[in-house]
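Structures given as structure tokens follow.
Same chain, two partners: chain A is paired with chain B first, then with chain C.
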Partner chain A sequence: MILKRIKLVPVLFLLPSLLFLGVFVYIPIVQNFFNSFFDFSVFSQTKEFIGFSYFKELFEDKILMTSFANNIKYAVISVLFQVFFALILATILEDKLFRRIAPTLRVIYFIPVMISISVIALLFSFIYNPQMGLLNSFLDLIGLESLAKPWLGNATTAIYAVIAMSQWQSVGFITMLFIVAIQKIPKDLYEAAEIDGAGRIRKFFNITVPQVKETMFVNVLITVTGAMLVFNEPYILTNGGPGISSMTLSVHMYQLGFIKDNMGYASAVATLIFVVTAIFALIQIKVSGTGKDE
Partner chain B sequence: MTLLNTKEDVLNSSPDARYQKVRSKTDLRGKISKNIFLLGLLFIAFIVLYPLYWMFISSFKSYDEIYNNVWSLPSVWHFENYITAWSQGISSYFINSLFVTILSILLVVLIGSMAAFSLSRYKTKWINVALVFIIGGLMMNPQVALIPLFEILTWMNLINTHWALILTYVAYRLPLSIILIRAFFLSIPKELEESAIIDGCSEFGIYSRIYLPLSIPILITTVVLTAYFAWNEFLFSTVFIDSSDLKTIPSGLMGFRDALRTDWGVLLAGMVIASIPMIILLILLQKYLVRGLSEGSVKG
Partner chain C sequence: MTKRSVLIKQGERSFILKKILSLLTLLVLVTLVLTACSSDKGATTPTNASVNNNEDIVEIEFFHRWPNEPRKSFYDQKIAEFEDQNPNVKINVDSVLNDSYKEKIRVLVSNDGLPDIFSSWSHSFAENLVSSNRVMSLDDIIKDDTDWSSNIMETQFDGFTFDDKTYGVPFTVDGKAFFYNKSIFEENNIQVPKTYDDLIDALDSLQKAGYETPLVEGLTNTWAISHYLGTIFQRIVDPEILAQDYTTSTAKFTDEGYVKGLEIFQELTSYMGEVSTAIDHEAARNMFAAGEVPILYMQFAEVKLVQDIGDVNIGFFNFPSIDGGKGDQTALTGAPEGWMLGKNAPPEAVEFLKFLTSPETAMEFTKVDGQLNAVKGGITEENANPTSLEAYDILLNSSSTAVWFDNAVDINVADIFMRGGQSLATKQVTPAEIIEEVQQAVQKLQ
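Right after this comes the complex of A and B.
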């Protein structure tokens, strides 16, 4: 009786989770892979097998190349800005000098993280607005009106305007992750360095950086993975435009599938996104896994 | 407004004599650089806050004033912008978001804690397989699953219902929630459950009367993280919901913008309403939120 009970409970308790993950997480990933080999549209009853054609098409797709380049720009700028700048910001905030004001500043920096991306993107469409936008008005105010431009309507600036908004929204998040990591550093390390007469910069490079190395690596991976998947920001602000100038892989996939109704090819693009992000995710799991053994 | 200021006070109340000596020498330089850094920090705070302040102030303006006097305070405060926003659609988006968020939270906490209970209490080969299966879920992302999920939900007749959002939100929040709750469950002393078994407590009793009550902090973290995700999720709510009556706030705001055309004051009022619940959540439950986000990222 007892044996039976013990065997049944773990299965019953696990079953709902396994079902949810199986049906809504794993099956879709597998199905997406198979879909990449078929030609079909949203409401078509049949799928026509076409083999590897869509994968071959990936290599000749100009929009895909632009998208991928934009994702890489997104990743590089985000890593520089969010990871390196955020580490410096977190270090300054954790300094004894700012003990009083730091808690308030941390909350302020974190506010944009909490706000829905659609609110943020609508707000930035006001900021970038060519006629009344805050950015152009501000440039006007300080006498730099020659720099004013339709930020989102210009093919060279659109993707950077989108990226800039992401930095504004996310820097507080990565800063917070660094703050948590810095607070876990044993304080006697710093005290010992102070007795040796080490200044702030030496303490930063000799203690803070090595101690938060793992967090830094994880943050780089989070940021890069996020940049490879980015959808909401370009979709709401520019919808990939003007032309295809601010397209990203996810926006391309969405438009192929739900606007151009080419579900099979959209699936091939999704498979590409999966492969790219899975590589980063595997590295991340490996790194945070080894970290736990230490 | 205290965010994570653990132990700082204790550490700073024990000044070291030698440290003080070193400090006095560099005092002046220190003061100057302190003020430069302080200015920098305040400048960043200004860049973060100003757009939000502008959104709030402009939500009381008329279109003409937003267009012509970008920087000024409203000459007439149009409080009715909020009433208009609420009655022209935000109320239904708000209620939809609330419904989807609350059901997602309930399901994640219930299903997630049950799975975590199993994973932390039993050790067999199959439990390990299940654990890997669940952790692996962290690697999967919604973008890649979008088209197949659309097919699956269509097949289940759930497209254009709130369940399309609730079920998928739960599925994508479960891996992280289970990992966080399991780690907490593992720290519960085994003696407690042993004495409970002796007292004739069933397995379900151990779960509901010992594990759950002892795990309130991590359950709050799970609630906050799920709320944050479900309230702000955009992609699924755009693709899976077509009818305007069923849209949640993130996707609803897009339709709201198109419907209003130039009624910017009302749109901005809607944006403020959409943001308020999460800012309240941040201020009230920041400790839980920050812990969840940071542990989630490291374990992710």
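Right after this comes the complex of A and C.
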């Protein structure tokens, strides 16, 4: 009797979060997987079983290929810029030289994280505006008017313009995580290195980088899965256009479901997104070997 | 993900493994709870109008697509008037703009959260909404109150009638024509184009006269592309083939007219400049109103909007005839918009619908907004300026009307054409490639 009661208590503590996770995460995932085997529309609830044909269709979908390529671009640029640049930024902010202004700078870098993405997207649509946008006016001002473009209206630049906005918004968040990690590094390591005559760059590569490895792994995971799921930014700025040039997987999924009224196929795309992000997460956990006690 | 890695990091993996079994049991429990919830939900589906018993106030959910002025204020004022006349009614209003409205109303119609009264385009857009079986048939209401319903142009009900049942009440009528800046045309001695070749000549001479982009359009709004394509296809393709292709079950899109139509559209975009794919229709309209652009393909509904911004001397010409085209060369593209009721709408919502489509409201509406209403004799010198009257005249006297392309064909087909239109403007694809994609899409739909 006593033994049983003891076992029940931790379970009860887990119950609320499990309930929420179950209702809002696990059950929808299972349901979505189930839905991708059916042909059905938003307007009617009758479902027709069609087996794996939507999964076969995935491989012939041209828009899906473009979307996937865009998501990969998103991921690569985000990792380079957010993870590596943010680490450098965090190191600089934690340097003795910047001690006085670091708190102010931290706030400045963090402000974009706190602004709603819809607001930021509207803001950037003004910046990118071809007629009166800040970006083109700025290029004009410094004599580079030949570089001015309708950034969001050009099929080659649209996706990069969208990605650039994301970097601006997210770099502060990742920097913050790195700052916390750097602050946890024991100071005696740096002192020992200084006694051995190590400079700033040497200290960065031999102490900071290995010590924040765990955080770096988490950050890579956040940015890569985030890049695979990205929806708001392209949806608000370009709606995937011009043509399909800035389409991402999530935007494609949304449009299939709610505009083209093809819920079953949209579910199949959602399943694909889930599988892709899960694979990325597994690879990263495996490669970085996190979790092993050292 | 962070949470998980932290957990594992703390070396609690074995603990987790031991617990997995009990967690699974819990998941089963959760599923059971959820199924119980969902079966519960079916039994207590409420109507949208929640009646507050204490004060007997009926709430009506009202959803329209004009969060922009002057219409927003107009409807806000009408709501206030109706609430004054009917103290037991409270109207909750919500509105989002065009493309967003199309998406949101589709989501709303898929469940019982459908508003009591909402705006809708005609034809396939309306048909889609009606196919949900959540839209109220209005036949009885129209028959029972002929005092009210006989005021509305009978012809305009067509777009809301499916299987001999009417589901919507038309409120505005509209047509699409090229608006041109009369002063610029006169200054440069340019004649109003009658044929497509004339139009190209006119555009060329305007370019020579220093207007770098003599024609413009906000191509980020895909509906603007569909308006162009709909008219061009109507002019070129044989009406019988067109009707066959616009019906999803018989669609083929093998006529060479479609490729030619897309080529014409691409030629027109070459006059619009690089900017066109980065701006919306509103920006294009502002450029026209500011006199920067001499020609713009616009709806009559926009006359007042242009006049409010700038002092442009507006003239109209219908989309010019295309040499060798098999369609009616003087047809006008345009369709009515109207109101629909949700299946569970209370009687008060019906009254509100009649109030919104009464001759008085219509007269005042055109005066405030400038858009042409669907009430018989609803446009006079009293509530419309000469430019709008000229537009109304073109509309009433057009040889036939063609509906908006995105309302006429399946949305999957329309989407390929509209996105294809953007890609044509940025020169990413060829017309033949788009048609090939369309042909594959219609095969899948059948």
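FYI, the second predicted complex is superposed on the first by the 259 of 294 C-alpha atoms of A that agree within 3 Å, B and C clash if a C-alpha of one lies under 4 Å from a C-alpha of the other, contacts with A are read in each partner's own complex, and residues count from 1 in each chain.
Here, contacts are C-beta pairs under 8 Å (C-beta built on N, C-alpha and C of every residue); 3 or more make two chains touch, one makes a residue touch a chain.
Quick caveat, the model's predicted, so the values are computed rather than measured.
Novice: Of chain B and chain C, which one contacts the greater number of residues in chain A?
Specialist: Of the two chains, more chain A residues are contacted by B.
Novice: Once the structures are superposed on A, label A:Gly51 by its partner contacts, choosing first (chain B), second (chain C), both or neither.
Specialist: neither
Novice: Touching A:Val119, do we find chain B (first), chain C (second), both, or neither?
Specialist: first
Novice: Just checking: does A:Lys260 make contact with chain B only, chain C only, both, or neither of them? Give me first, second, both or neither.
Specialist: In the superposed model, A:Lys260 contacts chain C only, not chain B.
Novice: Tell me the contact category for A:Ser250 with respect to chain B and chain C: first, second, both or neither.
Specialist: The first partner, chain B, only.
Novice: Just chain B (first), just chain C (second), both, or neither: which does A:Leu152 touch?
Specialist: Only chain C is touched by A:Leu152; chain B is not.
Novice: Which partner does A:Gly143 reach: the first (chain B), the second (chain C), both, or neither?
Specialist: Neither partner.
Novice: On the A-aligned overlay, A:Val23 touches which partner chain: chain B = first, chain C = second, or both, or neither?
Specialist: Touch status of A:Val23: both partners.
Novice: Which positions of chain A sit in both the chain B and the chain C interface?
Specialist: In the superposed arrangement, which is not itself an observed complex, chain A uses residues 10-11, 14, 18, 23, 26-27, 42, 131, 214, 218, 222, 225, 258, 281, 285, 291 for both chain B and chain C.
Novice: Using the touch definition up top, name the residues of chain B that touch chain A in the complex.
Specialist: Listed in rising order, the residues are 1-8, 11-12, 16, 18-19, 22, 30, 34, 37-38, 40-41, 44-45, 47-49, 51-52, 54-55, 58, 66-68, 70-71, 111-112, 114-115, 117-119, 121-122, 127, 130, 133-135, 137-141, 143-152, 167-168, 170-172, 174-175, 178, 202-204, 207, 228, 231-232, 234-235, 239, 249-251, 253-254, 257, 264, 267-268, 271, 274-275, 278-279, 281-283, 286, 290-291, 293-294, 297-300.
Novice: Could you list, by residue number, the parts of chain A that touch chain C in their complex?
Specialist: Where chain A meets chain C, its residues are 10-11, 14-15, 18-19, 22-23, 26-27, 42-44, 62, 128-131, 149-155, 214, 217-218, 221-222, 225, 238-245, 255, 258-262, 281, 285, 290-291, 293.
Novice: Could you pull out which chain C residues touch chain A in their complex?
Specialist: 1-2, 5, 8-9, 11, 13, 19, 22-23, 26-27, 30-31, 33-34, 99, 102-103, 106-107, 109-110, 128-129, 131-133, 219-220, 222, 274-279, 283, 411-412, 415, 419-420, 422-423, 425-426, 428-429, 437
Novice: Can you tell me which positions in chain A touch chain B when the two form their complex?
Specialist: Touching chain B: residues 5-6, 9-11, 13-14, 16-18, 20-21, 23-29, 31-32, 35, 42, 89, 92-93, 95-99, 101-112, 114-119, 122-124, 126-127, 131-134, 137, 168, 172-173, 176-177, 179-181, 183, 187, 191, 194-195, 197, 214-215, 218-219, 222, 225, 229, 231-232, 236, 250, 253-254, 257-258, 263, 266-267, 270-271, 273-274, 277-278, 281-282, 284-285, 288, 291 of chain A.
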